[in-house]
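Comments concern the structure below.
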Amino acid sequence: MQTETVLKITNLNTYFQTPDGNVSAVCELDIEIKKGEILGLIGETGCGKSVLGESVLKVLPYNAISTGSIVFEGGELMGLKQKQMREIRGRKIAVIPQNPSEALNPLVKNKKQIYEAIDHNGKAKGMEKKKQSIRLLQKMHFKEPEKVLESYPHRLSGGMKQRVLAAMGLCGNPSLLIADEPTKGLDAIVRSQVIETLMLFKENTGTAMMLITHDLNFATKVCNRIAVMYAGELIEVGTCYEIFKNPIHPYLMGLFLAQPENGLIPIDGVSPSLINLPQGCRFHDRCKKASEKCKRFHPEMKKTTLTHEVRCWNP
Amino acid sequence: MRKFKVKTKKQQKNLIWVWSGLLFILLTLIIFSPYIFPESNTINYSLQLQKPSILHWFGTDEFGRDLFSRVFNGMRTSLMYSLIIEAIALIIGLIIGLLSGYMGGKVDGFLNYIMNVFQAFPTTIAAIALIAVLGTGDTTLIIALSVMGWVAYARIVRSETLIFKERDFVLGARASGGSSAYILGKHIFPNVLLPILPLATLMIGHGIMAIASLSFLGFGVQPPNAEIGLMLKDSAMFINRAPWLLVGPGIVLAMVVALINALGDAIRDKMDPQKQMIEI
Amino acid sequence: MKKGIRALVLLMIVAVLVTGFTGCSGASAKDETSDVEQTLVVGAAKDFKSGSEPKTLIFDSLTDSLEDMSSGPRLVTEWEKNVDFTEYTLKLKEGVTFSNGEKFNAEVAKFNIEYWPVYRDCGYIKKLKSIEVIDDNTLKVSFNGSYGNFIDELSKIWVTLPSGVDAKGNVVDWTGTGPYVLQEYQADMSATLVRNETYWRTDKMPGIVKIDYKVITDENSRVMAVKSGDVDVIGLTEHYTAMPFADVPDLQANKDLQVSICEDYGTITTYSLNWAKGVCADQNVRTAIALGIDRDMLTSTVLYGVAEPTSRYVLPTYKFSQKEEALKYDLTKAKAALETSGYKDTDGDGIVEKDGQKLTLKMVVSDTQVNRSVGVFLQDALKKIGIEVDLQVLDATTTKTALKAGDFDMSTSHPWTGTVVSYLYWRGNSSVYDDYGIGYGVNEEMNNLTETVSVTGDDKVREEEFDKIWKIQNDFVAGVPLYFSQRIFVAQSNIEGLKFCPNTAEVDLSDVVIK
Amino acid sequence: MKKIIINRMLMIVPTVITIAFLAFSIMYFSPGNPAEILMRYRNPEGGTDPAALAHYEEMLGLDDPFFTQFENWFTGVLGGDFGESFKTGNPVNEEFFYRIGYTLMLSFTGLAFSLLIGITLGFLSAEFKDSWIDNFLRFTQSIKMSIPSFWLALFFIYVFATQLKWFSAFGYNSPKDLILPGLVLGLSNSSRMVRLVRTCILEEKSSGYVYTARVKGLSEIQIFFKHILKNITLPIITLTGVSLVSMIGGSLIIENIFGLPGIGTYLVSAIVAKDYPVSMGFLFAYGIIIVLINLFIDVLYQFVDPRVRDGANAEI
């Protein structure tokens, strides 16, 4: 079955200029997402996975510079102006931002914030707008959508906020959804709600998704394919099954071992600074299998199966 | 993409060096002005109200005295008084802030209330009123500004004390039976000193400005003492005839205060780079 | 970023609108003075109601003060006096009405003669026996003893409505017989006066139809106001130099302005010496101070050659003034005087000592620019004869408190102004501390002479007595005259006919025309 | 919310009493005998007649103990009677109401300028963060913060009144005369506003909801006006209150230099002239105005922030 590629990223580099030097958040990254696929992007905080999402959308901070190629539905995004990018954001690519408790403006009624998204996707008139909002909220399983519309965000719980945000993402007809840390800091009940939300979203649109998370369990539950990032670069990409059953990279194995059900064994050491990246493999000083080669030379992505790639000298 | 240039740490550091150097030169000139410019009080009527020249960078005043050297003499008084005022305010603020934060309860409530009342009066107006009670003079100026200045310190000390009060080492000291005075003096006091350092630096600049303002109104330093506000008051009298007399003192005053403020900002950033504090 | 700029412009427009609403709701343009519009804008130092000069625009005085400080007729047209100056018969002008239509008559005049002297330093009130209304236009005034200065002092009496004043010397109803009528008044800010079209002195009917009186308390601002053309004239409503001396040369050079310096009228700035206690109780110290000040230097430097140096108490234009200047600058004599009293510089620091005590003067001056400058000058000058000066510049009230307590050695004081006789009557026979230092009643003889000159009407006697007074003052040096501060006004050059008036407080606009 | 407001209002009652007490005692302990000062005003050239002095002393109730005097004065104040000025004999509250208008006009003009300058420059500085515009603006702000307002006032007078003759240098004739002093006041108080607006905008720009708005496809302009502006209002309101207080304090110097007949000028001259009733009354009034401004800001805050407005209402 030949599936259409929604997003193809080639050789993406993104770095920030800071007083301390350049911070390379994303390094020579290649990845693609196919239609209807859910790609999980996994890594610890600060590994550059959110920056990847921001690079795609071109909503990076002012001191960031990114190079490479991002092809979305056959069109190159890299050279586009902000104005052109706005045509894509919210319409073609929807985002569920991380940290729902801060992702809604506390001083603006929910109604208005949803209307903004609707307005961006064509000009619905007054009553129509409200009807559409209610429909969207109902799709997201809200029982009293009117009440939600008329209130301010602080009256909503974390999970409700997330659903409101998802509703906003829904209002266009996105071919790609980027969900940034949708489960971060949520308790078990809410987390299952979120999973439900995402599933709802998928049912409603059938869109491709990029799921940025540090939660391995969550990712393996929902994703088709998983990409693991470490210190700004991809280290392992594979189908969910491959990653779960056959992790190759020592870092990924470490991650599995650090899961609560496996005994919470932490990986020694800390991630390298993104300003002064080590020579050789970026993981070598934390790696038990590290050899002399690992210290000297930087490994490239290697295919182990058709769908499984890994960046390691000693797989 | 917008063009911009992020200053590297090194560039920032260099800038700080430039500022510090400038401030150091100015402070040296100010502190040692009686020795560097011993002739600053010499009257020479043949040089009355001269325009700025190579010999007299800021011009000369109505008595033919060189304004450049007099400005540093004047700044010396301002700086000295400001330091005295800040020292007094700091001590009062420390004591009250520590008490208020540590004792809590009714004591805190009362002291907080007092601080609120003090903040209800604008400094200039309250200082003038106090000077009215105590009579115009240099000493009363210092007293008045100290009395109005401690609240800012007390507030910060209080909030810091509240934080440190709950720290392990303080709780531990208390659990092992340390007296309140001991805990305050030995454990909390040294820790609150550092957070007030940036404020203290900024307040020196504020003090200089406040002294200058009051002197300008005639409530501050009294002649024949040279002080920058007083000097500007004199210069203002010649605004029609010799407007340049206002320029020199103004520039030096602004430079010194700006550099002191920059130093305060730098200290603050150094101590707490995350917090972009907006001082009020 | 183009949008950003557009947004910014929008933001600024909004902000400008906000400012517009709060800031300037209707700035009007009213500067269109046509050639014929005779409106004079006066920049004044004081509130309209608190100065004495503005009052003369609304109220007439009973007599006029002439060039030689003698008296001329005004509302009192004729007077007769008996030989020993105990009885005066005053003829009043007929048919004069107040601007509200009320009549001016003998009753009104009587009220004013009785009411005002207390507030106007007129000595006659102390001798006044009775005032008798003979008819509507005739008054007979009798005194307990002879009082020769009466007619001169009548020039200081304003004619107000008897119902127009309160018990404290304040005018409450500003209705007068004078050339102008008060139309509008705002405390500390402004006043508008219009010409009294029924003014009784038809020969003195002013050409200026309307006066805008603007209060500008700061002297520098007044100078700026006249330079920028905001006001037509400054210095007109003050009887002292109402602008910084430093600005006068600059103003004289300005082609758009005319500067008039009055050589004949003004005040002599005199410093008081505390002769009753402290270091200045020593006659020689006082003499040394008076002789040790180079007044020519003083006026040519810190007073910018505008003020005239003088060591007289009273201007030579006064009939009975000193015949010559006595206390002229003489450094050697000044030093000698100090040595006579045993002051010598023994430690070589330039300051003289006696019994190990340095000779230090506490000089108290009230805080004005001129006082401060002169203070620094004196400090420098007296140092040259070995006297150290502790200069204290205090605000007006504190100065008065210090002076009244006798807490000074040398201080700013009150000039011998007004009619000299009234001044003598006020401070000439007083030996106590007051707001202006200490009086000139240095001995019994001085007190007697003061009494004599006030009561006598005989010029000959006065001249003799005054000579004795000057002798005492010159020898005793209870005060140090320094310089003559002229009245100066600065006006736009298109204004003609501005002049000074012999009566210190009077503003005479009768000849003024705006071209 | 009503409860909160009423609570705040009740809380100022003791503050008001304390302010009154301070204002009164400052003047009470001021050196000099009020009776003598009053007497001198009433009869400038008169001597110190002990009988008359005793009469004045009795009239002013100077023999009463401190607290009786305070009580008398304060009950008068509560009834709107601040006594009469020694100097002019006019009721103090009349003098006050005649002048307060000018001070408020000046302060609000200053505030308008300060907001105008603060928001514009703060916006620019944030929008062009770290560019030369930002660096230049920040540099000038820090210099401006170090220039005393009176110097700025003299400079402006020299340039705009004496040299360019755009404005008159002194006094109040038309609302136009408020521009220069208002600008000085606004400028010398705007630095904090610029800083605040800059930091707030930057902070808001990196906040979650702005990110949401961005990914929703809103333009930066829409984001600024629809989202950021609303959120920086709260800190701006707080600073506006602080600014207004410092402007009312700062107006004193500006009024003096520009010769505006506001309460600042009058208070200074009253203090110099030892006009006790005026000094006490005006000091008290200053305190009250400031307390009221703070109260107003507090209440305004309640209205603007829906989180506070709703109080502890439960989630839907």
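When the chains are written out, they are named A, B, C and D in that same order, and each has its own residue count from 1.
By definition in this document, contacts are C-beta pairs under 8 Å (C-beta built on N, C-alpha and C of every residue); 3 or more make two chains touch, one makes a residue touch a chain.
Remember, predicted model here, so these are calculated numbers, not experimental data.
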item: Centroid comparison with chain B (C-alpha atoms), farthest chain; value: A
item: Chain whose averaged C-alpha position falls nearest the assembly-wide average; value: D
item: Chain centre separation in whole Å, for chain C relative to chain A (CA means); value: 87
item: Distance from chain D to chain B - Cα centre to Cα centre, in angstrom; value: 22
item: Length of the line joining the C-alpha centres of chain C and chain D, rounded to whole Å; value: 38
item: For chain A paired with chain B, centre-to-centre distance based on mean C-alpha positions, whole Å; value: 51
item: Set of chain B residues in contact with two or more other chains; value: 2, 4, 6-7, 135, 218, 236, 239-240
item: Overlap residues in chain C, where contacts from two or more other chains coincide; value: 224, 227, 395
item: In chain D, residues with contacts to at least two other chains; value: 129-130, 157, 162, 219-220, 272, 274
item: Contacting residues of chain B [partner chain D, same complex]; value: 2-7, 113, 116-117, 120-125, 128-130, 132-133, 135, 205, 209, 212-213, 216-218, 229, 232, 236, 239-240, 243, 246, 250, 253-258, 261-262, 265, 276, 278-280
item: Contact footprint of chain D on chain A as seen in their complex; value: 57, 59, 61-63, 82-83, 86-91, 93-95, 97-99, 101-108, 112-113, 116-117, 120, 144, 147-148, 151-152, 154-157, 160, 165, 168, 178
item: List of chain B residues in touch with chain C within their complex; value: 2, 43, 45, 48-49, 62-63, 135-136, 218, 222-224, 234, 236-242
item: Interfacial residue positions of chain D with respect to chain B in the complex; value: 14-15, 18-19, 22-23, 26-27, 29-31, 128-131, 142-143, 145-151, 154-155, 157-158, 162, 192, 195-196, 199, 202-203, 235, 239, 242, 245-246, 248-250, 252-253, 256, 264, 267-268, 271-272, 274, 279, 283, 286-287, 290-291, 294
item: Touching residues (chain side chain C, partner chain B) in the complex; value: 1, 220, 223-224, 227, 244, 246-247, 249-250, 297, 300-302, 367, 369, 372-373, 375-377, 379-380, 391-395, 398
